[in-house]
Amino acid sequence: MSPFWQQYLPLAIILSSLLPGLIIFTLKETQVKLRISLNLFGVGVKLLLVLLMWQAVKAGQQFYFSLPFLPGADLVLQGDALSLLFVVLSSVLWLATTIYAIGYLEHSPLRSRFFGYFSLCVSATVGLALAGNLVTFLLFYELLTLATFPLVVHRGTAQSLAAGRKYLAYTLGGGVILMLGVALLHSLVQSPLFTPGGYVTAVVSGNEGLLKLAFALMIAGLGVKAALLPLHGWLPQAMVAPAPVSALLHAVAVVKAGAFGIIRLVYDVFGVESMHALQLAQPLMLLAAATILYGSWRALSQQDIKRRLAYSTISQVSYITLGVAMLGPLAAVGGLVHLVHQGVMKITLFFCAGNFAETLGIHKVRQLNGVGRRMPVTAMAFTLGALGMIGIPPTAGFISKWYLGLGAAEVEQNWLILVFALSGLLNAAYFLPLVYRMWFLPQSMPWPQEQQLSNRFETHWMLLTPAVFTAVLLLLMGLFASTELSPLSWAELIVEREFRHD
Amino acid sequence: MIDLSNWLWPGAGLGLGDEFTRPWWYFSLLLWLLVGGFSLLSQRHDPRAGRYWLFFVLCFAGNMLLIAALDAVSFYLGFSLLSLSAYGLVIHSGTAKARRAGRLYLQLAVLGEILLFCGLLLRASAAGGRFDWHSWQAVPLEPLSLTLLLLGLGLKAGFCPLHWWLPQAHPVAPAPASALLSGVMIKAGLLGMLMFLPATDALMQQWAPVLLVTGLISAFYGVLAGLLYTQPKVILAYSSVSQMGYLLLLFALLSLTGVAALPVLLAYVVHHGMAKSSLFLYAGMAGEAAGRIWRQALFWLAALSMMALPLSSGALVKTGLKTQLAAANLPAWLDIGVLSLLLTAGAVLTALLLLHLAAQLRAANNKQSNHTVKASAANSAGRWALLMALVSALWVLPWFIVQQWQLAWPTLAQHTGLIWPLLLALLLRWLWYKFSRQLPAHWYNRNAPALYYSLKLKRLYQPVSQPQRHWPTITLRPLERRINRALALPVVPFTALVCCVLFGVLLLTW
Amino acid sequence: MMVLLLVLPLVGALLMLLWPKIAPLLTLLTATICSLAALQLLLQVSEQGSQQILLAGWPSGLAISLEANSLSCLLILLTTVLQLLVALYAFATYRRDKLGTGFWPLSSLLQLGLTSLWLSRDLFNLYVCLELLGLVAVALVSLSGDKAIKPALNYLLLSLFGSLCYLLGVAMLYGAYGVLDISALALQWQTNILSTAALLLMTLGLMLKAALWPLHGWLPAAHGAAPAPVSALLSALVVKGPLFILCLLWLQLASAPQAVAIAPLFTGCGLAALLLGGVSALRTPFAKNMVAYSTVAQLGYAMLALGLLLRFNQPLFAAALWLFVLAHALAKAACFLAIGEITATLGGKRLNTLKGASQTMPLAMFAFAVAGGSLIGLPPSGGFLAKWALLQGLWLQGDQLLWLLAIVLATLLSAAYVFRVVVLAFDRADPVAPDFAPRILPQWLALLPALAVWAMALYSEPLLRLLKQEGL
């Protein structure tokens, strides 16, 4: 591979979804085939490019592309192991979600607009993953907010508009706070590239107060998207969006952007050493633990399936934050791998919830009775996802919880194991009743709104395949955790590189 | 041995390396296959046979996996597969009672899973990130992880303070499923304890007497509670609680005698598994045995073996137990004499319970015989044949164990020692019968408080609503209107005025 | 080159009066040529440094002197390009919107006034430009017909009052020092009650004309009532003229103690403008008034930056000030054109008219949203650059948490009013049907400046360098 290619590869990865997205905006509603092929073409190209990059990064190469922007902070795209983790996740899940969305939105209005924003959203996510410094990160972070908003309000009903308003209020507020923090840090140390071990160590002495303030501001800004405790209010509302959007929002795009930002902040901006020196880890840990328990607790009483899933997301995403905040290698592996695992599991659950809603009109928990007989494959996928969320082996969720727990023991924070245990119990308490209703209770009422979407399968094949794909994926990731292809190995590679610097 | 560490997780492997996992595995396999064959016949006309087989196979896989696991994570995988799939068997009938029992079972199973998970985490961390048994057994236990593991595994094993689900769940499952639950599945907890809690560990040695006493309490409690119930399967379930108490006692003895008690433990596991399965299977089709002596004989063969009739497997394990106890290195506050006496009393009680069971089975038959569903003759015959095979295995297998482990065959004195509790029990039962004493009716068949708490718990975790903070709604609109009205001034003079005032003020304050 | 930039619009305007038929084309032509000339001038100045010429060969002191530094050139370029764009928009829509023929010569005169204002460095010349600007602006507002009479009259009266104040100040200074050229005056400047009073008078006059809070009362009505292309010009450019003079006065003329003493007024007014203007924009029920109030609010940033610059003398604030001016001009032009196009097509002036506009007029809505992004200060837009410079300045100054908090609040407010419109536009339940088929070209024209303001970010480094150096 020539150096020229190496330089432009990160840009090409972003463009591979951005350009099709922009073209899709100009298409007419009737040009369905062209739109679908464009979309799939974009996905294919992106996957190919990501594969190229994956191989190179594994071999130890780095990718770097920059444009002049602010003084002391260029727009930098950088492909390192950590960013690749997120890029691969979003590209693969983009594939699944695109197929799902094509099936889900068949015959609904304004599809061009939807898919256009959808591609923009993915581009922003990938850009965020590849961002090489804080300013670039901030840029994509804001773009993501903007690209997601039209998706949240896509239905255009009063309810979705209200949700959209709330979403904007939270995320734009978070964006501004993040900008303040980034500006503060920039005024102290400029915005160099993300470096393993952080870059603030040199200025820690004498600037403790300001650095703490910057950290707090940035965590508050990122915490909005990552749905940390007092800032989580938008997430349950935003579930009024169409199912593929919720799936993407919860699994990849928005909440993960926040979590990924926190990972970057802790490991590549502040670094373990400064985090210890500034004593920032403990508050973050407490916050994450509180969020985990609170989210699970609130999920218990939710009678709407997607709302329940939304609260579950709040809880699960904080596992990532918690893993990062523990500042130990094993915990970091757990947090990083949960970034991927949670994405795959949650997207499975949302796909399934969408299938139930689309095929049978089921939105409430109590309507689920006996679904297992009508839609066994979807119900099976849902069950796998739920078991994964609880952390039952051999699903992917077990692996991440296992490493998180080991990490907690490693850094001698045994109370966190209690948190994991409690959260596991709560997870079981709000997921198992759904599973029970699906499989063990007879159908108690006619389906609210049944549609015959397919003659051969239980629902449209485009809705079914992605759910099955991700469900199988989460099982494979859990079972074959030690293989070279698994997210776990990749997370270990990242952690090795992050912790090796000294 | 299969090494899977490059595929699954570090240290993953399957194999039957240990001297006791191999017999354990074969015994479990035998039992699963026999009961599986039985289920083929008994569930033939079951409308939900598909579901039954799904969970049956999952449980089977989980059980075999956990026995063959060479590392803790594989064990945990098998264990949770077993625990969760067994739920499907428990609530198979779908009745309200079964669902209630299933709920309790699942609540405790999940709790056990989580406790076990925490314990595993602590242990894995202490072992420096390695998961295989050998490295774990080399690391000394700490009180916290020991407690967690004991609770997590104990909830599965079902001895006394952790037995709540057992008498509820076993009776409601289909007969072969109960047979497996009591016969092999609860043993998984015990196997876990054997693996995770090495007998030679210093802390285990300290805790062993407590466990021993717990086991004794469990043994007595199971019997006494069982005597207060009249449904045969409930009685059998309580008998399991009692028998698991004996097994816990043996487990504690492992630490107190060195590992000499291990063969006895193994023999006990095999004995109880076979006997209890036979009894459960019999209880499931007792109606067909009415008036057929040789079918009832199968029951008596199994029951007598449990009562430790001389020459039976029960006799072998009971004497073994006593011998080990005598050889144990007990702390001062445990008097060996009292213990032996208690064991003998326990034997009497066990015998009483089984006699009680026989009586209740007969009573149930009398009630039921009118409306038993008649299965085809061949089906029925097949099932009885399988039961016969099981009972014969029960009587034959101990000989192999004796041979392989070179256990001492009970002496004549020990045999006689075994007989008189039996006779005493018969006497007591006869006296009871003769004077037809009955306890007040409301003492019998009481609902377990565990079910009540289970319901409470369910309401707790499935709340209809939760306290919500309601923000006070402030309507600013009237205020805004007033401000707007107040500001609706002619623009030009007002602005000019402001301009002048500003000038004046600024100049003056300069 | 400078002379060409002044003469061409003047000649154009006269020709248009003579021959109204070709006025639109002529406007386009002059605007195009002027844009090219301005670009050329900017390149020249950035290479060779600032240029100064004296008109008609008179010696310094008597002649009208013009000075082109890079900031003026940038502003000229901005003026001419926006002029061209707005002229194009007007050209595309004037038949439909029944825009009066007076628009063309007046807009050329407006360009003339602005260009000469950016170039003048003499208090009296500046007054003349200001007066020209004010009168032309009033005339432009009144193009809307009857409904615009009252706002236009108010505007006229206040504009005259402002000019009068300014003139009074100039007269006082001339009486005391005998010179009017700013650099000459600065040499003999003394800090006394007279100079202070003169400065204050001029400041208030200028604030009135620039609609800086609390003297902004005339602006929303006037800008709201004017035709869309006029509002775009007024909001984007005209209010910046007095602001420019204000900066000249305080940065080049006033002594340090005076500057420090006045700083709280500017920062305070800026803050109030940001917050109160933002709230007004959020609450007003009319679409164009919303945009007009947003101008009031955004000018608050400029004032804030000016005040901070006077107080701390930190070059970053100068950069922030002029970046705000540039970014706001582009963004506001886009906003007004977009909103104008939408309200014209959907028929109505209330915000509710915009319901469902994302469906019926996606391009114009997109233009508004993109421009709004810059108003909010989302990266990577011009507004973001300005805000970034402001934040950097504040953080470097240290202990300025109050201002930071204010900026956060102001940003959120601007986000609130921008997205109030956007959310309405996404209301698919009850969209307003257009009166006639939406036209593509005007929407694209509205989008262009919006895209330009985002493209500004790509040239941020040269821009920042240039403005930090110059900073007046």
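In order of appearance the chains are A, B and C, and numbering begins at 1 in each one.
Assume a residue touches a chain if its C-beta (ideal position, glycine included) is under 8 Å from a C-beta of that chain, and two chains touch if they have at least 3 such contacts.
Fair warning: this is a prediction, and the values are worked out from it, not measured in the lab.
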Next item on the list: Look at the interfaces A-C and B-C and say which one is made up of more C-beta pairs in contact.
Entry: A-C
Note to self: Suppose chain centres are the mean of their C-alpha atoms. Which chain sits farthest from chain A?
What the structure shows: C
Next item on the list: Grab the C-alpha centre of each chain and report whichever is closest to the global C-alpha centre.
Entry: A
Margin query: Using mean CA coordinates as chain centres, what's the gap between chain A and chain B in Å?
Written below: 39
Item checked: Separation of chain A from chain C, taking each centre as the mean of its C-alpha atoms, in whole Å -> 43
Note to self: Just the number, please: Cα centre separation of chain B and chain C in whole Å.
What the structure shows: 80
Check: What residues of chain C sit close enough to touch chain A in their complex?
Finding: 356, 358-359, 362, 369, 373, 376-380, 385, 387-388, 391-392, 395-396, 404, 408, 411-412, 415-416, 419, 422-423, 426-429, 457-458, 460-461, 464-465
Note to self: Can you tell me which positions in chain C touch chain B when the two form their complex?
What the structure shows: 154, 157-158, 161, 165, 193, 196-197, 200-201, 204, 208, 214-215, 217-218, 221, 261, 265, 283
Next item on the list: Show which residues of chain B lie in contact with chain C when the two form their complex.
Entry: 480, 491-492, 494-496, 498-499, 502-503, 506-507, 510
Next item on the list: Would you pull the chain A residues touching chain B in the complex into a rising list?
Entry: 297-298, 300-301, 330, 387, 390-394, 399, 401-402, 405-406, 408-410, 414, 417-418, 420-421, 424-426, 428-430, 432-433, 440, 479-483
Next item on the list: Spell out the residues on chain A that touch chain C in their complex, using ranges where they run on.
Entry: 67-71, 75, 110, 113, 135, 138-139, 142-143, 146, 149-150, 153, 155-158, 161, 164-165, 168-169, 172-173, 175-177, 179-180, 183-184, 186-188
